[in-house]
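Please find one structure pasted underneath; my questions will follow.
We call the chains A, B, C, D and E, going by the order they appear; numbering starts again at 1 in every chain.
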Amino acid sequence: MLFLQLLLNGLQTGAIYALTAAGFALIFGATKIFHVAHGTAFTIAGYVFLFAWGAGWPSWLGVLASIAAAMVFGIVMERLVYRPIQRHEGSFFTVFVAAFGVSIVVQNIIGMIAGRGFATVDTPLSFSAEILPEIFVAPMLWISLATAGVLFVALTLFLTRHPAGVALRALAQNPDLIRTYGLSSNGLSVLAFAIGSALAAPAAIVTAMTTGLNEAIGHHVMLISIAATIVGGIGSLRGAALAGMMLGIAESLALTVVDTQWAEAVSFLVLFGFIIFRPAGIFGVTQTR
Amino acid sequence: MIGRRGALATGLALPFIRPAFAQTAEPYVMGSLFPMSGPNAEFGEAFTRGAQVAIAHINADNMLRRPVRLQSEDSQALPQPSVIGMNKLINIDRASWVLSSWTATAKAIAPIGDRAKTIMVNGGGVGPDLSGLSPYFWNVIALAHLEVQAIVPFLVNQRNVKRVALIYVDDPLGDGILGQLREQLPRHGASLVGSYSVPRAAQQFGSVVARVRQSRPDAIYIASFGAQQAQIVKGLRDNGVTQVICSFSGFGLDGIRTLPEAEGALFTTQKLDFESGDPITKRFATDYQARFGQAPVTYHANYYNAAYLFGVLGRQVEQAGGEVNGETMRAAMLATRKFNLVGGEGEFDELGNMLTQLQVNEIRGQRVIAVG
Amino acid sequence: MTGIALRSENLSRSFGGVQAVAGVSLSLPEGQVTALVGPNGAGKTTTFNLITGNLRADSGTAEIRGKPIMGLKPWQVARLGVARSYQDLRLFTHMTVRENVLAATETSSWFWQPGGRRAQQQREHRAESAMEATGLTALADARAVDLAYAERKFLSMARILAAEADIWLLDEPASGLDLSSRIRFGTLLKDAQARGVAICLIEHNLDVVVELSNRIAFLDQGKVLAEGDPQTILKDPALAAIYFGDRPQEAA
Amino acid sequence: MAASTGGLNRSRPTTAHAIEATGLSAGFGGREVLQDVSLTLKAGEILCMIGHNGAGKSTLLRVLFGLHRPSTGGMRVFGETPSNYTPAALGAAGVALVPEGRGVFPDLTVEEIFGLALWSAGVPKSGQRERIDEVLDVLPRIKEFRGRRAGTLSGGQQQMVSIGRALLTRPRALLLDEPSIGLAPKLFQDLIRPIAALRESRGMAILLVEQNVREAFAVSDRVLVMRSGKFIFEGAPSELDDHAKLMELF
Amino acid sequence: MTAFLINLATLAAISGILASTLNFIVGYAGIFSVAHAVFFGLGAYGGAQVALLLVPNPFLACLVAAVIAGGLSLCLALPALRVRGEYFVAASLGLQMVAATLFAELKPLTGGIGGLVGIPRPEILGTIVPVLPLALAALALILWATARLQRGTFGRTLQSIRDADSAAESLGKNVNAAKTLAVVFACAGAGVAGALYALHLSFINVESFTLDQSIQIMAMVIIGGAGTLWGPLVGAVLLLSLPAVISFIPFIPPTEVGAVQQIIYGTAMTLLMIFRPAGLLGDMSKGKSTA
């Protein structure tokens, strides 16, 4: 019974991880920008929803505002931070440090505006009921799983069926060639940031409703996204989403075996193991060299 | 929101509204080393407010010949920034009285303060390892082992609790509480049925809760900090745990008090009856309410006391004709021992730990009510 | 008296069911230039990779002057005197031309190189002459990434020269080179050949093949279909149909 | 020199040349690669451009397709001045570039690559079928591997897809950058001949940059030799049949 | 004032060692580690235990720290041999997270979150010595060694591996050996910094050896200029003194002190990267940087 309960808990965590990881993977895959401020988009989206809720907006409007805020943040990052850097030198860690600086700034601004500490959206959706003896499930579990599922299918369809999605995949493979095809790599890169960041919003809203937010929450989300992207195989959205789900479940199920304080380390041990033994990830193509 | 913005405005105005004699004398500098950014900044903000009210009172009453100024440094709750901040407070700002909090900060600055003979006062950290770090390191808060001793009989006798589960962060505080629960519960005929340590950064608690539920407790004791405490409470309630939640003084935060899921939670604090006739307590409660637009809680009171004590001891030293510094104030403290502070009389032991009476509080309708 | 510098027997390798190299037996005599020709996907580059240890062969053997090299790491094969170039050059892009060439002379991976100052001077001398031979002396302090196309190709050759190997495996070293560069390149090969270096080159341009090589090995579908002197091979009508289109006689 | 004839046609757009570029200069970071180059690509001709490595041939192609901004000079495409020197604007004006190397995305299928090209050219869904059929008529072998990922194709097949992709935009001026690299001679012939035939059937002009002089001359109408960012020879391929003459120019 | 500056200088020297050694593998070998704090921590715990259990001799502490950190750096070398670029960043991230958990849980060795307290001050021949001269000496030694190695053949070997490891290998370089050697050298250096840190602070706990610390060291290298000799040192001094300098800004309301400081700090980081992407001492004219 405990196993089933932990599995269900893991699924909910996994759905959140899968969505953020898919967003990170989309951005990283298409633009090769290691967007460590992805967690910041998550935080912003969560707090915008929180404010909208607090201001008494209808929830659909709050969701839209949250998605819009995440997208705007992603686009602003691309245009004002990443693009100027890449115009000069575009080194991997230059981008890393710049994005890290931004995440520090945003975290503290949120702390000043929204108050430091814990904040949550109070909704009955996160309240569990006993569906089977000893098994407690909140409606939020089904909502988050469905959201993750629907968004993932939509994203897959977009990337395979819509030419703009195909163009994003093309950008990932050979950015220099994009212009020869008459397309704008800058425009596509903005698109990747917009969609990728938007994916963080639903996850952030679910988090706001369940575990609650604090201004530093983006940090952990970003780490998990990175781990899932690598475990899933760079360039594979399917892999990142699946790996995000897996990490969520592993973190939860690990509790049947190890003590609770080790649960998080399990995720990163999985990551480390994957890199040593299967660097290509679940779906990636081997390219260790 | 509005309350906070108001606080911000007051804070901004603060440096300009010093008493008139500020121009004539170089102020005494009181330092503070709290986490002012990062995940624990909520505490730093609360601590600072308490101290701000105390300093305003000291200055308004002209308790000392020179005004007192608060110099705030951000410790980030990390050793290295704490050490840099402490060095600045001692060597640049010439602070002889530093308010601190947090295990890492306290332990990192204790040797520096010890060498410089600077008084360090803790009113937030309750880990048992904070006792006796240095003759100059004092605690104006009852350390956690005492808190456990206070709540266990209440739980067993008043709430008929037989089985307790503990969720704790694996640090000296958590370990201290774990040890105390193991010892105290059987003594009162109850038992510790499970203990679950969580990493400091953990944010998802659904799975931990599932294991807590398995142990079928009558009450769950939480030993964590800041935002994480609230997340654990919400995790427990969301996942169908309806039993009593209890904790130590760390629960005395707005984030918990206003959390709907925390309704009915029990926690211990120093005895503090704002409605009592005690003038010091009353003045503090009124002025705090006026200044920040909300009722104070224990943490505000603790750091009010921590800062106010400087005024009391400083006056003693000044009146005896001495120079106000760590050494003279420590001597004054050891000579006096008992002080009238917010919440009543507090008494220091040899090590500089203040013993106060403890009370058990319950959160009811977003208010903290003393219940035992 | 010329011996066989490198010999491979029945090298095979498949990737996920596709037989890329299916039993290649090849011998490279000292002082000879062997051109490896064949249609795209015939397994030419894979053969190089199997010999140098970059890929592990499914079966087959290879030896350098009788010493078996199967299972050795690429750096071990290199230290036995095999130098190779890559189609995509793989220059040390952010290092200067001189550093690129010097790096080719230093094989120790330890904090310093053995042999002290004297050996260091010898290596520097070797690097200078390699740059001179490839016409890069004037560009010695330019970074590889800033070089023009042909200069990069010559830098790749300079590294091989400086490495003082006696077996060269060159992957399309002349592709994209203009006529005069090609002639300069030819001189490099001729000089090496005269020193007894065994050279194997992959090349598509027939002019280059005819100009530079004295032997041809014709590869198709992972097998050596024919091996011998250029005249004979290029006139073989069966090979011509596969490879040269309808104008083989011109090429010959 | 080619440029000198350019002025004559400016007043008669109906018989305009495919591309008329005048006074183009371009460079990278202070190094001038093209110096005041003028070039005319006549409608329906195959013009072959040869020259040293680094002579500026690829840069010229990139400038003509709007991938690289010239510092001076301008161009007209079929008598019209393009609205903008960008690949999109020049593509709309009828110019297409087949870049050096493999001009395909390895993880996309051939279908997807074609879809991408049609989308970026703004061809509506209804017209796409017809365009693809047109290309398959010219390069029928593409049918054999339409569903495969480009990365799994051989070099020749990839080059075929890359050219097919360019043809989908119905170019009237096709720029080919060293299409023979890495291809066996027979493959190259198989590839270039159907393209060359389009010059008659559609009046398409082709600008071919090649190192492989033998193969390129076989299909070209006119040859330009470039050295250090300037043209130093213009004439018929036959004039350069003499090896010595060619050597002298290099 | 002096004591404040001495403390800052000591911490700057220690950070300088960390940044220089990290730069050695980031700037030259292209090994992008975000686990440098792990080896800093290993050295700190090792050095602290020597001082606590044996003698507070700084040389012995540094030696033990270097051996422990260098020895365990094989944990980092292992993924470095298998993968590169973003993959390696993620591997080192995993190592960092797991190591931080271990530091927090192995209480007998590390004291857990409570840390190790009362580490004695360093003594040489019975006299207590300040850490600053020791740290400066170690920094000078490590800078000298890195400079020698960077300019010498080993630096060239590493750079060639960074730019094209397969080509380096086919020129006879044992890539794995060279990478391992570089990692061991850099991590041993970080270990020395750790021992000095423990002796200077007298107290250490896991919070000084977390991912944030690793990222800060990385930021020092990048902001100063990866692949330059003095850049990391400049970056270390800058990032360390910036918050200290900001704390002198008057009239920040006490409750917002931390946030305002952090905002200035973060903004400075971002702006520096936008306008000096190659780092303060990096050469902007050189095309794309490799770090």
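One rule holds in what follows: a residue touches a chain if its C-beta (ideal position, glycine included) is under 8 Å from a C-beta of that chain, and two chains touch if they have at least 3 such contacts.
Remember, predicted model here, so these are calculated numbers, not experimental data.
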Show me the overlap between the contact partners of chain B and those of chain D.
A
Can you give me the shortest step count from chain B to chain C, moving only between touching chains?
2
Note, CA centroid farthest from chain D's centroid sits on chain B
Among the chains, which is located farthest from chain A on the basis of C-alpha centroids?
C
Mind checking the centre-to-centre distance between chain A and chain E? Centres are C-alpha means, answer in whole Å.
30
Rounded to the nearest Å, the gap separating the Cα centres of chain C and chain D is 32
Just how far, in Å, is the C-alpha centre of chain D from the one of chain A?
43
Distance between chain B and chain E based on Cα centroids, please, to the nearest Å.
35
Mark out which residues of chain E touch at least two other chains, giving numbers and ranges.
101, 104-105, 166, 256, 258-259, 262, 287-288, 290
If I count partner chains per residue in chain C, which residues reach a count of at least 2?
none
Flagged in chain B as touching 2+ other chains are 8, 37-38, 41, 44-45, 170, 199
Interchain contacts (touch definition) - all pairs:
A-B, A-D, A-E, B-E, C-D, C-E
If we count contacts the way the header does, which residues on chain A are in touch with chain B in the complex?
2, 5-6, 9-10, 12-13, 108, 111-112, 115-120, 122, 126-130, 134, 136, 138, 210-212, 214-217, 219-220, 251-252, 255, 259-261, 263-265
In the complex with chain A, residue positions of chain E that touch it
26, 32, 78-79, 82-91, 93-95, 97-98, 101-102, 104-105, 165-166, 211, 215, 218-219, 221-223, 226, 256, 258-260, 262-263, 265-271, 273-274, 277-278, 282, 284, 287-291
Using the touch definition from the top, list the residues of chain E that touch chain B in their complex.
1-4, 7-8, 11, 101, 104-105, 112-115, 117-118, 201-205, 207-208, 243-244, 247, 250-251, 253-259, 261-262
List the residues on chain B that touch chain E in their complex, please.
7-8, 11-12, 14-15, 32, 35-38, 41, 44-45, 48-49, 52, 70, 72-74, 76-81, 83-85, 87-88, 90-92, 103-104, 107-108, 110-111, 127, 129, 133, 169-172, 175, 199-200
Residue numbers on chain A that touch chain D, as the complex places them
163-164, 166-167, 169-170, 172-174, 177, 179-184, 235
